[in-house]
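We call the chains A, B and C, going by the order they appear; numbering starts again at 1 in every chain.
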Amino acid sequence: MTSLILNGEQWTTAVNPTTRLSAALRESGGALDVKEGCLTGHCGACTILLDGQPVKSCLLVSGQAEGRSVISLKGLSTDPVATYLQESFSRAGAVQCGFCTPGMIIVATALVKASEVPLSRDDIRAGLVGNLCRCTGYHKIVTAVEEASYVHES
Amino acid sequence: MLANSRVLAADFDLINPRSLEEVLSLLAAHGDRAALLFGGTDLLVQMKMGRRSSEKVINCRWLEELKGIQEIGENLEIGAGSSLNQVGEDERVRREFPALEDAILSIAGPAIRHMGTIGGNVVNASPAADAVVALVAHRARFRLQNQTGTRVVDSTEFFLGPGKTVRRPDEILTHILLARPQGMSVSGHFRKVGRVAGDIAKLSVAVTAEKSLVGVVNWHVAMGSVAPTPVVLCEVEALLNHNRPLDGDITSAIRATVAQSITPIDDVRSTAWYRKRVSGVTVSDLCEQVWKEFEGGKA
Amino acid sequence: MPEVGRNLPRKDGVAKISGKEPYSHDIHLPNMLYAAVYRSPLAHVRIRYVDTSGAQALGAICLTPQEVPDVIYNERIVSIPTKTYKDRRVLPTVARHVGEAIVGVAAETEELAIRALSSLRIDFEPLPSVLNAEEALKPESPKLYDRIWLGEKPIEMTGNIACERHITEGDPEAGFREADFVVERRYTTPRKYHGQMETKAAVCQPLPNGGINVWATVQSVHNVRQVLGQIYGIPLSKVNVKKLSIGGSFGSSIQMNSIIPICVGLALKSGRPVKLISPREDDMYDHSHYQTEMVLKVGVKQDGTFTAAKMNVIADIGAHHIQADALLGVMAGWLASLYKWKNFQFDGQAVYTNKVPGCALQGFGNPLVNFAVEQHMDIIAEMLGRDPVDLRLQNYIGEGDVFWGQGPSIKSIIESCGVEEILREGSTRIGWNQRREPHEKSGRYRRGIGVARGFHTSGTAGPKPGDVIDFSSATIKVNEDGTVDILTPVIDHGGGTGEAIVKIVADTLHVPYTMVELSDVDARTTGYDVATHATRGVYCGGGAAAHVAEEVRTQILAMAGRILDEEPSGLALDLTAERGTHVYVQSDPNRFVSLKDIAKTAQIKSWGTMAATGSYRQSSAPPCFMGHFVEVEVDTETGEVRVVRAILLSDAGTVVNPDLLAGQLIGAFARGIGFALQEHTQTLPSGTLNHGGWLTDYRMGTSCDVPPPDAMDVYFAHTYESTGPFGAKGVAEAALSSVWSAVANAIYNAVGVRVYDLPITPEVLLEALSAPQLIEA
């Protein structure tokens, strides 16, 4: 049994502790907003916040999350930075097929919050380097994060 | 079980020790059948691909004793369990060990850097490990501990081959020791040549030097992905440590010497020919970069 | 103000940004089993016997080659049956590439399914294999097939040529004799991977009446329905395939992916729902893009006019014929439609090899042909001392010319054409006239500017039926509060096809975008649409929706006529801020009735629902055009190439979704840079892929590998295509067509070295730069 805090609520799962965390979250935690694109830590679609830090949940086994706090996109529904990012993504045309979007927003939320000043485009591009998008070419994602960062800092 | 990305190919026990002491006794009992899990960004991928397997996996990710960066005596002591991110963002590391900071920032992306640890990077001993190359250039030393005591090994002697180090099965890497520059200013850079940003290196270079009253001294040059272990380019260091201004003759000599000092291979990422050529270029580029920083009055 | 042309929130936007949009991966049904697929470790092997006892002991259900229906099919049914080659079985008795699916298993958990896979004992008889086209063409080569089918006709195979096409127009030999110069070069493009973010998946629910519900990664719900019904002998009225969002495709699901019928087989056998998600490594062994070798010969006169063009193509298609015959036909069409060659010959062969099967990737051969032709144009321009842009302007096929669409059976006359606007605008923006020649450049870092132009078709339709099926359907109805439902089978890959269809219907019915929605549909609730491919989503799918909307408009006017006691011909439908959507009397505009009132009245008085269903085939396939002006910087000491600036110019007719169109151009550019400079997949002598199926070594571009936003410029030409809904054409595949050609031309302008083989990796470029004849002043 593994117990952790999922999106603010206590959650216990009977999945094998060596099952990858992304599968545990999706299958028994109901967190289908955590996507799986490669399972080897390259695409970033599975990114979640573990104790507030972005991590790739496909590379963690669920036993490693024992007692920790896990937040997926669902858990950020009242977070002002994440909410603003969702709006700016939607407005900017930064969403096409949408498969990379949840992971992108999680990483971008952490990136915006970690900075005390508005992020430059180079900072943003470096911060998103671990999240692949095959549809958009990143341009509109970068400008959406830039806008959210600016609003967050003002 | 067939190698696949979904389910770890081998059965194993995941053990969650609560203290370093517990880890040491586990290693004493099972060391030869156990793997140490820190960030998991390398170990778990290798296990999925079927390239590594262990009966027991000891989860050291959360051990507080292995985290943190402290100033002890003449050294900066970095806990092996410190995340790459934590190390890369430390002010002291930025100021005094700049090649290490550069190297860490070139690794994958922020999520992997939150997960991965500096100790993991060292102990997994991939010939392409980025932080390792910078640590070797900064002449780091590694503290190993087992139930009977500790020992310190130079980074230049720690690596034996891909995935192989002098660490004994009952030992754990606890700290990385970096000798702090005593009143000298430091310059250091790391460059990785890859296919995309954050890639595994085709080749990587770290160059460091210090500026003293007599000039630029203590040049260190190390490379990764061009031999089974990280390589110290001693002959290049000798060329540089003669304290002449860096001119065209020296950069040509550097390139020629680099090519003779490395044994790269053809693999899925690049070719031996390319690695030999571009290693020389990259080493001399970084040497020039370090030189210019000092010329520019950084001292 | 019309909705077409405005940037409006995506209909699926809220769901996608909150992670609530379901993809096939996310479908969960009670009592569901998890499936996994055993794939061949060898390149060519007979499966003598599969011992499933170990798997069954774990409680797994297995599906072996002996148990699948003995039906040979092609999983792509876009071409008419008599033009469809068939060699595929749900599970083969002979595996013909490493990674070919051999056995399916389903178990209570994913982990058990994988353990079950590992406990299968299979009796293999290895066969000799062939891994390259040149070897495969030799008489002594191992043969992949003894027999394949074309339609219902069996073809006895004497070698590995899957099909060939020979097309000649005019007298090319005479043309070459007439030429002042003849330029011939050989170009090659590698096998590569689509890299769509969502790996292929399927969920199948068996129904009590013997039917099935299927959720899967598809580009056509109807085609998948038909192939499944055919394979499993289930009447289509009992086969349903749901429409849902897919995580990108880029052509890899035009055909039904191989895991779908395996999933269905397991569901039917177990009587339980089954979910089969391909892990990434399986996906990379399931489909790839065609590998080609093209020899292009062009005759040209001193004044820059062409006299003949001849192309020989060898396409290495891998182990299955998915759409190779169509590929050869369209490649001929793409070649014929770029420039006025006057005389023309195309000879193509598709060759079977024991490798991952090739299938269409954005552009379906157009970017490949473009790589040859657009480099040839620059070579010829240099030889003649002409400006490359001028030479293109002199010879391009444009307004009033015959366009070959997707091949010889689909020809139309070009109406709208923005080529000149694209080339002139792009030249201005990049600073084309300040461009210098390679020999004028020096130093370690050298910059170069290159141009290439491309195009694609908008759909595959025409005045008469041809070799390719193309029509679309829609159902549109007005709800009792004046809102509108659209039932369209057209799949949106993410580029905004759905939004475009909504806007087109909204503007036809004068209803605000916010009051028109796309219904959840499936194959049952919609008329036929062939697929979202060939850049036909807006032009054909939207065209059909516009057509059906017109019928609804007629009904609205008729109902309004009853209410207002007027002839419908004296009424008009309009949208204003004060009245909303309404119908008014043209001779007395103060008399009107709102659409909401019309619909409510029709309900209360039991008159009926205003709705229409219909199908529509476009009578044309108008080309959408593209131009790329690219500046690169080459590090001559490492061979690394960086794109520093890019102008992306498109002609899509009326732009329906401006932001999304820009997004498609930029996204295609990013993919194109990757394909140009480093993506390729190689097959090792063992038949395995060099990257092993792991993204570790099939690297796709990250946010740091594309030029920053300020370095890219997007421009839409101002054209109007009267045959398209509100003047619109497509653009999707045009967006990729000229990317790598522009990059290759820019590299030449930077360093004076031309590379004829993709990808232009640093290793390849550095070696080319080091060639002795280039080391000079």
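Note that contacts are C-beta pairs under 8 Å (C-beta built on N, C-alpha and C of every residue); 3 or more make two chains touch, one makes a residue touch a chain.
Every value quoted in this text rests on a predicted model; they were computed, and no experiment measured them.
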Distance-maximising chain from chain C - centres being C-alpha averages: B
Chain pair showing more contacts of the two, A-C and A-B: A-C
Distance between the centres, which are taken as Cα means, of chain C and chain B, whole angstrom: 44
Where chain A and chain B are represented by their mean Cα positions, the distance between them in whole Å: 28
Per-residue multi-chain contacts in chain C, two or more chains: 110-111, 279-280, 694, 696, 700, 702-704
Set of chain A residues in contact with two or more other chains: 19, 23, 38-40, 126, 128-131
Set of chain B residues in contact with two or more other chains: 5-7, 45, 49, 109, 197-198
List of chain C residues in touch with chain A within their complex: 7, 9-10, 12-23, 25-26, 28, 110-111, 195-199, 245-248, 250, 277, 279-280, 493-496, 659-660, 662-664, 666-671, 694-696, 700, 702-704, 706, 708-710, 712
Chain C - residues contacting chain B, complex: 110-111, 114-115, 117-118, 279-281, 637-640, 678, 690-692, 694, 696-697, 699-705, 761-763, 766-767, 770
Interface residues, chain A side, partner chain C - complex: 16, 19, 23, 26, 32-40, 42-43, 45, 72-74, 77, 86, 89-102, 105, 121-122, 124-126, 128-143
Parts of chain A lying in touch with chain B, wherever the complex brings them together: 17-20, 23, 38-41, 44, 47, 50, 53-56, 59-61, 63-64, 66, 107, 110-111, 126-131
Chain C contact footprint on chain B (complex, rising order): 1-2, 4-7, 45, 49, 109, 193, 195-200, 268-271, 273-274, 277-278, 281-282
